[in-house]
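Presented sequentially are two complexes of subunit A, the first with subunit B as partner and the second with subunit C.
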Partner chain A sequence: MDLTMIMVALVILTLSAVLSYKFHALGLIGAVIALLIGLNTCSSFTYGIFVFAIGIINLLSLSALKSDIQGVDYGLVGLMALATMYIFNTSDFALVLAALVLVSVPTYILVMLREGGTNVEVGIKYITFMVLATVLFLIGAIILVYTKNAFNGFLYVLGYVMLVLGLCLEIGVAPLHEWVPDVFASADPIPISIIASLAKIVPFIAALWILVYTACDMTGSITIFTVVLAVISMFTGNIGALTSKEHARVLAYSTVAGMGYLLTCLVVAAKPEFLYLALTGGLLFLFSNAAGKIGLFNAIKGKGAYSLLTFILAFSFIGVPPLMGFWAKLFILITLAKMQYFWLIGIIVINSVISIPYYIRLANELGVKWEANLTNFICLAAVIITLVTVLFVPVEWFVTNMEAIAHTVGIAL
Partner chain B sequence: MNDWMFFLLLFLTPVVSSVPIVFAYKNEGWTEKLPYLSVFGIFVSVLMSLHILFAMEGQYSYPWIPELGINFVFMCDYLNSYMGVVTAVIAFFIAIYGLDYMKGDYRPSWYWFCFNLFTASMLLVVYSDNLFLLFVGWEGLGAASWGLIGHWFRDDDNISYVGKAGRKVGPLELSWPPSSGGWRAISTIRFGDVPMFFAIAVIWVLSPTLNISEIEWGTLFVSLGAAGTIILMLCFLLGLFTKSAQFPFSEWLMTAMTGPTTVSALLHSATMVAAGAFVFLKVTWYIEPWHLHDVPGVEQIYTLVLFVGLISGLYGALCGSGLLERKVLLAATTMSSIGLMFAAGAASFWIHHEVAGMNFALLVAFWYMATHAFAKASLFLVSGHLIHATHSRFLCGGFEFGKRFKPAFIVTIIATTFLIGMPPLTAYWIKSGMDEVMEHLYVHEPHIILPIILLVTTSLIYSAVMARFLSLNFIKGDKPEHEHLEGGGLMKLGYGLMVSVLFILLYLIFTNEETEGFVHAGYLSVSLAVGLGALIVYAIALFIPRISIFSRVPGTFFSDRMYLPFLNDYIVPKIGFFIAYIVQEFGNRGIDGFFNTRVIPGIFRAISRGIRAIQTGPLSSYVKIVLGFVMLFIILASIGGISL
Partner chain C sequence: MNMLIFLLLPLIVAFIAPLLKPKSATYLSSIAFLLPFLAIIGCLFNSCPPKIHLMTFSPPIGEFYLHFDMISHAFGLTICIVSAMIALYALPYMTHRFGEMELNVESEFRKYIFLFDLYAASMLWLVYSGNFVLLYVFLEITLITAFLLIYTYGYGNRKWVGILYFLWCAAAGVLTLAGIVILAFENNTLALDVLLAGGTVGMIAWAFIFFGMIIELPVLGPHIWLPWAHAEAPTPVSALLSPLTVGLAGYVLLRIALIDYSFIEAYRMPILCYAIFSSIYGGFSVFKQTDFKRLLAYSTVSQMGYVLVALCLGPFGFIGLVIQYMSHAFGKSILFSCAGGIIAVHHGLRDLTKMGGLHDSIPQISNAAVLGFLNLGGMLTIGMLGEFFILRGAVETFLKPESPAFITWEGGLALIIALIFMFILSVWYGFYTIKKVFYGKPKDTKRLEISGYLYVPLYIIAIVSVLLLFPPLSTALIQGLNAIPGLGLAGGVLP
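After this line comes the complex of A and B, so read on.
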């Protein structure tokens, strides 16, 4: 049934994309309808509504970009959001990988969009790494799943490393992050805001899903590899952002740092009983990161946004309670505490401190007076997302939902 | 009314009632009227304390952080209930006096808020059974005392100073302004509070409860061993000794006289300095050391307290004999009295004698505390009035002056005679009990004669000092330069009420069951001899308050408080500056170099350069880097995978 509805949504997306050559608005309408269908089929409404909100804001922000394929771009974003919503509906390995590809491929086109032409150079840079990332991820995943059925320690380690390397390349974890600063700084801020927000969710969930699914006795020892990469990424990202001037570059490095925090969640694979904590932390992090990146990239595009909004987004990035960014980091830290990674907690805290100056600087430089324009409305929508945890305190409702999801995953395993 | 309401009213009314004056600090009209509300707040506390005394008994517990064993636990036992009434009543009388005394002051809001906070904190210390809660009150006392002692923080009136202006001994000027007085108090107290907090933390870790009455003290001491017990109790006692200004931590008390006299009266009678001795009695009450003779370390601790108390007693009395400032003289004798309370309380270790089910030595210590509180508070209040009347903080006033200033004169006669242990007045019976206790230490275990010698010597000198205070203020003192005897009705009422309690206490001694032992001790020949000795010394000192040949040596030595200010103002600061120098030269430079100028900035610079060096632009170089890393990791993984 789910799959049928998704097929219907895909058909609507395709048709509206085709028709949008004639009528631009149709692309947007089609994407919104597809997202509504996606939300309706999504197994977790809490998760779905966040993805839906992020997808809608991404769609709206696209209207600020007068690209050559306006209309079709809505369809691409709709497709990404749809795949993101679907990821928790399936426990089918092939469909999980399909979702990953469905989220990844549209970004190849989106990254090249700009007003009055295409940004081919950025596109090539981006696509080269994405292809490599997808290949590594897929091969790693296949090897891991193979070891699940016929265990082989050597293959497990190889598969694990390839999958994690693929993920790192995909989301931009140091030292495989070289594409991130250049692409973020040279491409148009609007598509980048999509790549930095919506496109990060599925790779994370897919990787976590596969790692938990294929976990074995060796998982506990091999996670150190992930942790080392996470630490390198945090320091590289934060120091890079701290010493960068260009706004887009600061955000690029902050993404590198942020993906380092996120990567630490993967350590939970060794103890799936804490999966719900890692999911809570990881997803809240992805949502708050998405809201922040959308807001600030749109502020770059719109030559500034209302300063109150930019500061709230910056505070959420830093992790000031009770904004969503705080809860995200808190749950990541709780997960790490449960996993006995206390030194890593210390490193995350130090990195959070390092990040304070550049986020404040960014908020200050991008902050302007209030004006009723699209940028501010998008920023406002992003701020509302980060404030959800303030309106519905405590965040137990989210944790409960994640427990349910973790439970479902557990049954699937 | 629920029980918790009584406690709430007891602690909160003084604080809440002094909040309005804080907000009205700019409005002179209101700041003149609102002190009455603050005094009313303390009156409510008096009523509550009386209710607790007559109608409530045992432990009352209300949850605070039950998971950590930290709760609002109050104990309404003999000691706490009586001390609560003593504290509240004294604070109330002093507050009435303060209505007149503080009239026209430049910051009444500050004064009344701190005064009431101080009272509430002391009440919390008195009733708390939970050590953590007690510590909250304890810190409240510290903070409020700093505010009150340094009340006249502008240091603009010499009358509030301590010491003679220009009196220099070596590098030190022995004169202290109010701001310095406040600082000396808080810094000394903090020196003791930190180890005390540490001791409470240790008890918290080792004992399943923090409630004084429920802690298994014997088991705790046994589990710690002799050294552990001694270290723990030393840390705890450091808090008590500093708060109670015991030797050598007494300097802050002398310069605490820079505060308004009402503050001195409150600090020196039932609160602050008494708090240390009171907490010692309170804890000893439940430690029951007389049952712990087999537990190693306990005897050493109680011996230490015994001698610290007795030495402080003698030191205070000797200094008092040379001091010429009204309030500082009284401060020295307070230190002396508190020392005797510690000593009597510590003697309980060797005293098994019980009266009405209570340890005799502890009863002696507590009753001496109560009597001393009312007598000393009366004398302080008189001093304040004298300072107002004569515009001088030094002892002065002849017989003519005394006749014109009868209420103060009479109150001083009553307070001094009732306090020194002259038969048959109030303190005589209690001091007799104390003599019996110290005599016991000689006759029975531990067979040491020094305590009784120190006690009798201190008592005699103490008598002389009290007589000297009376004589030099009202009989044989120099004629004051100023005389301003009009008004002060509320002040007279304040000390009149205060001194009258001494008669009530005398009545209680003869009617209460638990004080039978005092009366019995009073009829012993040794006690009578000591009492008569005190009377004779008092009479002699009344007529010869100054002995000129002693004025330089040992007079100056005593009036300079045996140069103990050097420890406080010279030696300790020198040590502090030396540590600061070491920290600055070797610590801060290292820290600065590490965090601020060299190591970390260097690492950041290097990493930043490295990050930017990679970011050259061409895709081919990125691909090389990424593929390089991917290959490296896969090779490492392969090696790792094979070895695993």
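After this line comes the complex of A and C, so read on.
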């Protein structure tokens, strides 16, 4: 039934994208309908509603970009959001990997969008890295799943390393982050806000799923590889952002640092009983990161946004409670404590403090007086997402939901 | 009436007050803190429920609830009365400040009063938080609101100072959070009542929280941010930041010590010596200052040394810590307000070299400052009880042969002499400051007009600080503190 509804949503997306060549609004309407169907079929409502909200804001922000394929771009974002919602509905690895490809490929086109033409140079750079990332990820995943049935230590290590490197390339973890600052700084801020938000969720979930499913006795010792990459990424990202002046470049490095925090969640593969904590931390982190990136990239596009909104988004990035960024960091730290990575907690503490000056600088420089325009409206929507956790109860709902999801995919708690 | 309603009042008012005119908003804010103050006074004499459930989180976070005991009440009543009075004091002061900054008074006051109320209300909620995550949430809200107030309305290079403050206190906060997370790992809950009933705090968790909180206090070393932040903040913010906020680090350390005292027991002597040295260093630094607000900031470093000293002195020291927080809060809020009064009346005067003989022109402020220093010096105010319990703690800890920390009589006496010197130093720099600012040869003998808002609230704080020295308030407070497991003697000992 789920898959049938998803197919219906895909047909609607395709038709509306085709027809949007004539009537642009049809692309948006089709994407919204597809997302509503996706939300209705999503196995976790609290997860689905966040993805839905991020998808809708991404769709609305596209209105600020008059690209040559306006209308079709809505379909592409709709497709990404739909695949992101679907990921929790399946424990079939073929479909998990298909979702990864469905999220990745539309970004190849989106990254080239700009007003009055296409940004081919940026596109080539981005696509080269992404193809390499996807190939590494897929081969790594296949090797890991193979070792589940016929264990081979060497193959397990090879698969693990390839999968993690593929993930790092895909989401922009240092030292494989070369494409991030250049692409973020040269492409239009609107497609970048989509790449920096919606496109990050599925690779993380897919990697976590595969690593947990294929975990073996060697997992505990090999996670140090992931942890080292995470630490390098945190420092590279934060130092890069501190020393950058261009706003888009600061956000690019902030993504590199953020993906370092996210990568630490993968350590849970060695102890799946804490998977729900890592999922909660990782996903809340991705949602708060998405809200922040959408808001601030739109502020760059709109030459500034209302200062109160830019400051709230910056505070969420820093991890100030009770904003969503805080809960994300809290659950990531709890996961690390459960895994007894106390030294890594110390590293995160240092990096959290390092990040403060550039976020405040960014909020200050992008902050302007209130004006009723699309940029402020989008920033406001992003801020509302980060404020959802102020009442505490949604966080508990989310944790409970993640526990249930961990159960449904067959991981004993 | 339910304590929850009284505690919700300031939070609700934070959102309502910005809709009103400055004067109405000020009165409403003040009342919003006075009502819980009266309710807490009621709790000193009548028993109130030990907890109010808010919600339950999945492990390892645990239950969110409001925790009511005499420690929370002591901190809570201090926060309420100081916040209520400073809200009144701020009306003319901030109006003057907005004028100085060429801002629209009415629209800026809306932003200011929202941040001020939220700042004070979050401190109040912090001390009643029955879960360490909830406590951390309110700790960080105090940080953000204070940062925004400094960043927006501060003096000098306010943006730089704001970021300096934010960086240091965020570092303190994140270190504490790391400790809290490890605490959660060790106990599978962060609910205070469960932890108090048998929780453990391992050395790593203790170390994270301890180092985080000594930045927040702060003591010598991590104190760099404090003179800048306290001096450049708008004075009503300084009058909350120094008296109320920094001492909350002592509150957090006390709560952790009541769960598990092992870290302090293991490192008691180095921490104690460091605290005494820090206090004496802060005290002597006061004499070198030429800016009145910076002088008061260094006095805070000295006074926070007392808090850390008290933490090392066992059950009686804990009572000393609580009372020291109260007396410092009363004294320092009066003194920062006096500094602000001088700024408002004497057109931005802060330079001590240009002061002297101000008593002739503003006796109301001068007399209030004397009362403020009496609190810091522990004379005729609740500060006396604080010093008594700190000394008692030192005697019980180091001079009783049955105490595990017993040292030789010579060593114990040397320590007590150091403590007494620390107390005397406060009195010394207090009189030095009064003489330098308010007495001596007057530069201007003309009596100046001064708004009642700028001094009447200070006398009300002073009256509360004196009333708390005498029964029935002092006896109710001390008996209540003695009744808490881990504090004082079982059965209660009155000074």
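The definition used in the following text is that the second predicted complex is superposed on the first by the 407 of 413 C-alpha atoms of A that agree within 3 Å, B and C clash if a C-alpha of one lies under 4 Å from a C-alpha of the other, contacts with A are read in each partner's own complex, and residues count from 1 in each chain.
Following the convention adopted for this analysis, a residue touches a chain if its C-beta (ideal position, glycine included) is under 8 Å from a C-beta of that chain, and two chains touch if they have at least 3 such contacts.
Source: prediction; values computed, not measured.
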Record, for the superposition on subunit A, whether partners subunit B and subunit C clash or fit.
clash
Between subunit B (first) and subunit C (second), which, if any, makes contact with A:Ile345: first, second, both or neither?
second
After superposition on the shared chain, which partner residues are touched by A:Trp397: those of subunit B (first), subunit C (second), both, or neither?
neither
So, does A:Phe129 touch the first partner subunit B, the second partner subunit C, both, or neither?
first
Applying the document's definition of touch, where does A:Tyr156 land relative to subunit B and subunit C: first, second, both, or neither?
first
With the two structures laid over each other on chain A, which partner does A:Trp179 touch: subunit B (first), subunit C (second), both, or neither?
first
Is A:Ile356 in contact with subunit B, with subunit C, with both, or with neither (first, second, both, neither)?
second
Only one listed stretch of subunit B (184-192, 346-354, 436-444 or 634-642) runs into subunit C, and it is 184-192
Common ground on subunit A, meaning residues reached by subunit C in one complex and by subunit B in the other
none
The answer for subunit A against subunit C in the complex is residues 311, 315, 318-322, 326, 329-330, 333-334, 336-338, 340, 342, 345-346, 348-349, 352-353, 356-357, 360, 364, 392-393, 395-396, 399-400, 403
Seen from subunit A, its contact residues with subunit B in the complex are 124-125, 128-129, 132, 136, 153-158, 160-162, 165, 169, 175-176, 178-179, 181-182, 218, 221-222, 225, 235-236, 239-240, 242-243, 253
Enumerate the contact residues on subunit B facing subunit A in the complex.
604, 607-608, 611-612, 614-615, 617, 619, 622-623, 625-627, 629-630, 633-634, 636-638, 640-642, 644
Given the complex, residues on subunit C that touch subunit A span 55-58, 60, 64, 133, 136-137, 140-141, 143-144, 148, 159, 163, 166-167, 170-171, 174-175, 177-178, 181-182, 184-185, 204, 208
